[in-house]
Amino acid sequence: MSEAPSYLSPTGHEIVFLLLGVVVVGTGLLVVTTRQVVHAALWLVVCLGALAGCYLVLTAEFVAWVQVLIYVGAVVVLLLFGIMLTRAPIGRSPDLDSRNRPVAAVVALATAAVLVTVVVDGFRHAYVDLSPGKGTAEEVGVAVFRYWVLPFEALSVLLLAALVGAIVISRTDIRGR
Amino acid sequence: MMVMVACAVLLPFLGAVGGLLGPRAVRFAARRAAWRAVRFAAWFAVVPTAVAAILAGVAAVRVLRGGTGGTAVAGTLTVVETGSLPVAVGLEVTRLSALTGVLVTVVALAVQVYSVGYMRDDRRYPSYSAFISLFTSAMLLVVYAADLIVLYVGWEIMGLCSYLLIGHWWEDRANSRAAVKAFLVTRLGDVGFLFGIFVLAVGAGSFRIDDVVTKYPAMSTTVLTVGTLLLLVGVAGKSAQAPLHTWLPDAMAGPTPISALIHAATMVAAGIFIVARLFPLFLAAPTTLAVLAIMAALGMLGAALAALAQDDLKRVLAYSTISQLAFMAGALAARDDDAAIFHLFTHGAFKALLFLCAGLIIHRAATNLMSGMGGLRRAMPITFATTTIGFAALMGLPPASGFFSKDAALAAMGAAPGAAPGTAPGAVPSAVPSAVPGAVGWILYGTALATVAVTGAYATRAWLRTFFGEPRAQTGDHAREGPASMLWPVILLAVPALLLGFAVPAAPHWGTAALSVALALLGAGAVYATWRGAPDADPARLLGPLRRACEQAFYVDTAYNALFVRPVRWLAHAVVRADDTVVDGAVRGSGRTARGLSGVLRLAQNGNAQIYVSGLVAGLLIIVVGAVVLG
Amino acid sequence: MHIVYPVVVSALLFSIGVYGVLARRNTILVLMSVELMLNAVNLNLIAFDVWLGDRLHGGQVLTLFVIVIAAAELGLGLAIVLAVFRNRRTVDLDSLRDLAEPGPDCDAAGPDRGVAGPAPAPGPRRGTGQEGAAT
Amino acid sequence: MTPVPALAVPVLIVSVLIVPALGAALLLGLRLQVRALKMYGLAVSGLTLVPVVAMAVTFDYRRAAQIQHEVDLPWIPGLDLRFHLGVDGISLPLVALTALLTFLCFVYLSGDRRTERLRAMMSALLLLEVGMLGTFLALDLLLFFVFFEVVLIPMYFVIAIWGGPGRRAAALKFILYTLLGSVVLLLGLLLIWSQTGTLDIVALAHSQGAALPRAVQIVAFVTIGLGLAVKTPMWPLHTWLPDAHTEAPTVGSVLLAGVLLKMGTYGFARIAIPVLPDGAHAVAPWLGAFAVVGIVYGALACLAQRDLKRMIAYSSVGHMGFVLLGFATLTPVGVNAALFGNIAHGLITGLLFFLAGAVKDRYGTADMAELGGGMLGRLPYLGSLLTFACIASLGLPGLAGFWGEMLALFGAFEPAEGLSRPLFLVFMAVGGLGTVLTAAYFLVMLSRVTHGPPGPLTPSAVGDVRTFELSAWVPLVLLILVFGLWPKALLAITDPAVQTFLEAR
């Protein structure tokens, strides 16, 4: 492995990536600490968008666009619908955090500490020269339909099952046996 | 020889078993009338005791004439291996035990015959006579034992028989309590006795008596002293000596023949017999003799004074027994066992006689209390004559046997402090230095003289209040002589009470004899004078302020009750409470804490899913950290 | 490009997701936090796919799959939340206490303010086996 | 008779266990009415008595120290556990006592008309007998433990189903307490197994704890001692006994007091002392102290008791104190005394509980205050038998109770070298005081129950002692007399075995 350049001279990629990283973490924190339910969903959109940016920096364009398309497009919309249907309070509601907050905070910090120390200790010298074109749709498409066909089909069956499940649960006129 | 002695011991035991089971089987099977069972049981009682008496007599004659060579004849049935010192189950007839055996069997025979009449209308006569036979065999076992443990077996069975017989009329709770008290006090003494046996046996390396008696020079003085002192505890318990004497007066609750047999002639004498039997050991332990002397002095005078103040005729005789036994103990303390044994024999005879006469009087006057008697000499001439002989012997007046034996004992005690031990007649020339230390010797001799005087007083008082003055009996004048079967034993016993003194060849010491007779007459005169003043009043007013104290036997009994009985009972209740709250509480408590802890754990199961997930993730983290750190 | 950066970002994002799941009272916010955790995993996958230079692009394909599964899971999650909302008129995770021990103190259905309400000492339990009645 | 070669007749010892086990199993299948059922019970327990007597007859008393009638079959080869049975001077009397007491219980049951669900009771008793006999015959540590545990379940049911009013709590406390004790015992046994690698008691006894360092021996002795002490029961661990006895049915009490307590003390004689001599030496003063406290504590507790059966239970605590004192001295005479005391206590307290049960059946209560007094007047035979049993129990010489206590005190007078003499002299003195207190509470009980004017309660129409009761009690009375008048009968059997494992040190 070539001697990795030191951290003190970050390349352009790294700087962009760090900026996007800060955005991701910041908006993530806002999602879980905001007092308003809808704001949480909106901050989630920003967070996922920034994440798509990170993928782009990491030369995984296809995944980035899929991320933007499905997550930001579909999943967050679904969440908003969920918020609307459960008549969540618009505006500031004081008690969005349960009394479990201190415990949760401690556990979360501990997880962060453990993961960061382990990861940093493990991959301090890992370095890669990013070369564009690795993550293009054509590359990923070839990979999916040449090597990952079986999981792909299994996934479709899973989606179908999820679909049927969701319908059964949400419709009130279907009585269980 | 040995077979004869073994039969003497076993026959009463078989008689007892037969007596207990026989009539029950007969009544159980034949459903015959109760008094036929009494007739049937009487045979089981009298015949074995008679045969045992004859056997004991023959054995005594053969041993005394030295027909069998050595003074002692021993035979061992078997040796029981206990793991350390073996127990040799065997019998041994020495000069002393032969004579005592005869005394025991004769008195027992007299009592059995007497009881047939005395217990004629008692439904439980079969068990009563069986227990007397059991007692006789136990006493013979003690007398003829060759091994200390076999002796201890007989020793305790005697205690049991005295319990069973004192509590014969158990319908009345007082008798039952008196029986329990008798057994417990003697049992306390027996525990000391057992420990004494352990000390001496380990010192001598064997339980056999002749080993212990021969090997005593090898033992250190501390072992000897401790051993003999512990034996003394047992002797005090059984012979109702000073500290453990409180049970004997209460034991009068039992039938009178029992008092005659057990609490006058045999069981109470067993203690003195043991000291005489192991006398070389006691000679080698001067401190023990000093203790014995003090105990004797205390018991002698105290009991005599108490006897003077009692109103119940049988309690007078009971305290008199304590006093006379203390007298014998004093003789032993003055290193003269022959005098003590001689007095033991004569006392056995005349005290049994007195008790049997008392039985006749009580049987007729239907009350124990002397205040309910009086003027009986015309109505019961034979009883009057025999009782007079008895009291004469008790006071030590010349013709009666008491005079000779009391004189021998008094001479021994007189010689103790002054001259060297050798001069006392028949005293074993002991290699140990001087006699009982001077001061104790003088105290012993002084109290002995005082006791002789007080004995004269209470004997005369009892004599006057029962036979002279106007008849105070409330139940009219039906007092007549007892039935023949009760009179013959009394007459049978009157003979030795009168003539036993002449059997011993040793001439009396005229100096001390004159002194003791004078003192006795002095006491008698004083009582007679006060009695003359007011024939109906109790001459015990002679004691004045001391009377209440004497009657309560110096409140020793109440003191024991307060010091021992009540605290033990309180402790028992405390133990039960403690057991329930502390020990059991701890057990129940552990149960409750376990359930409490489970309650605390259940608090966490309150259904909040987020708590569960937090716990889960926290656990996961700990495992990851553990794996990373330890891995 | 140092792989440490994406991996650290993903770790932080994951922890934030954990915090969200454990702390939030509203079930939908909990679902959002789950989404965050899943995206953290995706970032990790992409980073290592690039670093390992995998010809099969395993990382990126798996990310696609994760995104699909996340969508399906969210769909079902919301269906369940709606069903709960219809029955219990609330989506607060705290008030769903059916898992509680059937003690007389904490009423399973009622809104229970405290997380670990001060349940009084367990009195005689209702109808449990013979053991309970014994001591 | 020529001694039959030991190995040629293993069938005897195995049949001792098989017959009751089969009896219990068959009983569950059979549908018999009461009369046939009682005959069946008598037959099975009688049949168990036959091989036991045969073993006693063919036992070579000259070699009483050797294990005879030995059976050694592999049981679980994986863990090298062996089904190793055998009998020697120590266990033969106890096996005979167990078989006899169980047979007498069945005789008593055959006349007793009121026991309902007799079939279940009989199968429980037979199972109990298997456990008891197995414990005394086992020569493998874990086999001993298995039988030690098998006994608990049937006894739990005997108390819990046929007991008195408070039976469930008493049964529960009994089984939980003893199970806790057994767990500690198991830990000790496993410790020995892990250190020495073998479970064979005979081998361990011969090696005299050579393979075990002193510290391990002490720990093992304490754990095993605790497990056994709960069963004995030793003083602080005794509170399950009075409750269990007050609530147990007559037959249950007899077996509980007559045999189950002996399994605890037998454990000391078979496992604790021979296998862990150094441990025994170190812990002996403590064992002696607790034993002596037990004697006085039991006696005092009896003085203040109101219930007759509870009083007899506490008296067992006292008597077992003497047995433990015998063991604590670690001298041949002490251990002989303990083994003798075991048998004597089994016979005497068995008889006492039979009588207490009979009194309870006739008067409907065992409370001494309610009984009033005057039993000798109304029920003369029952009263005199009760007097005999109490006098035997307070240790009158000439009856079995005396030798156990006297020799234990004698052992305490001269403990094994290395044990502090003054301490054991204090134990001896307090033990002596204990005998006086024992005499006190028994005689006070007698004067309250049998003496005095007839009490308010009149006995039921059952009347005095009946034939089936007499046939159950007379063997016990005779044995108490025989062992009292001729102690050599027992001491000659136990002494050689005791000498070997105490002398060899």
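Miscellaneous remarks
Per-chain numbering from 1; labels A, B, C and D assigned in written order.
We take it that a residue touches a chain if its C-beta (ideal position, glycine included) is under 8 Å from a C-beta of that chain, and two chains touch if they have at least 3 such contacts.
Protein identities per chain, from UniProt: A = NADH-quinone oxidoreductase subunit J; B = NADH-quinone oxidoreductase subunit L; C = NADH-quinone oxidoreductase subunit K; D = NADH-quinone oxidoreductase subunit M.
Just so it is clear, the structure is predicted and the values come from calculations on it, not from any experiment.
At the centre of the protein atoms shown, by the Cα-centroid criterion, sits D.
When the interfaces B-D and A-B are ranked by C-beta pairs in contact, the top one is B-D. Ranking all chains by how far their C-alpha centres lie from the centre of chain A, first place goes to B. Chain B and chain D have Cα centroids lying 36 Å from one another.
The distance from the centre of chain A to the centre of chain D, each centre being the mean of the chain's C-alpha atoms, comes to 75 Å.
Between the Cα centres of chain C and chain D there is a gap of 62 Å. Separation between the centroids of chain A and chain B, computed from CA atoms only, is 105 Å.
With touch defined as above, chain D holds no residue shared between interfaces to two or more other chains. Residue positions of chain A touching 2 or more other chains, listed in rising order: 98, 100, 103-104, 107, 111. Under the contact definition stated at the top, the residues of chain C that touch 2 or more other chains are 18, 21-23, 93-94, 115, 135. Of all the residues in chain A, the ones that touch chain B in their complex are 98, 100, 103-104, 107, 110-111, 114, 118. Interface residues of chain A, counted against chain C in their complex, comprise 4, 7, 11, 13-14, 17-18, 21, 24-25, 28-29, 31-32, 37, 40-41, 44, 47-48, 51, 54-55, 57-60, 62-63, 66-67, 70-71, 74-75, 78-79, 81-83, 85-88, 95-101, 103-105, 107-109, 111-112, 115-116, 119-120, 123-124, 126-130, 134-135, 139-140, 143-144, 147-148, 151-152, 155, 158-159, 162-163, 165-167, 169-170, 172. Every residue of chain D that touches chain B in the complex is listed here, in rising order: 173, 176-177, 236, 238-240, 297, 300-305, 331-337, 373-374, 376-377, 384, 391, 396-398, 402, 406-407, 409-411, 413-414, 428-429, 432-433, 435-437, 439-440, 443-444, 447, 450-453, 487-488, 491-492, 495, 498-499. By the touch rule above, chain B contacts chain A in their complex via residues 608, 610-611, 614, 617-618, 621, 624-625, 628. Taken together, the chain C residues at the contact with chain B in this complex read 18, 21-23, 93-94, 96-101, 103, 106, 108, 112, 115-117, 119, 121-122, 135.
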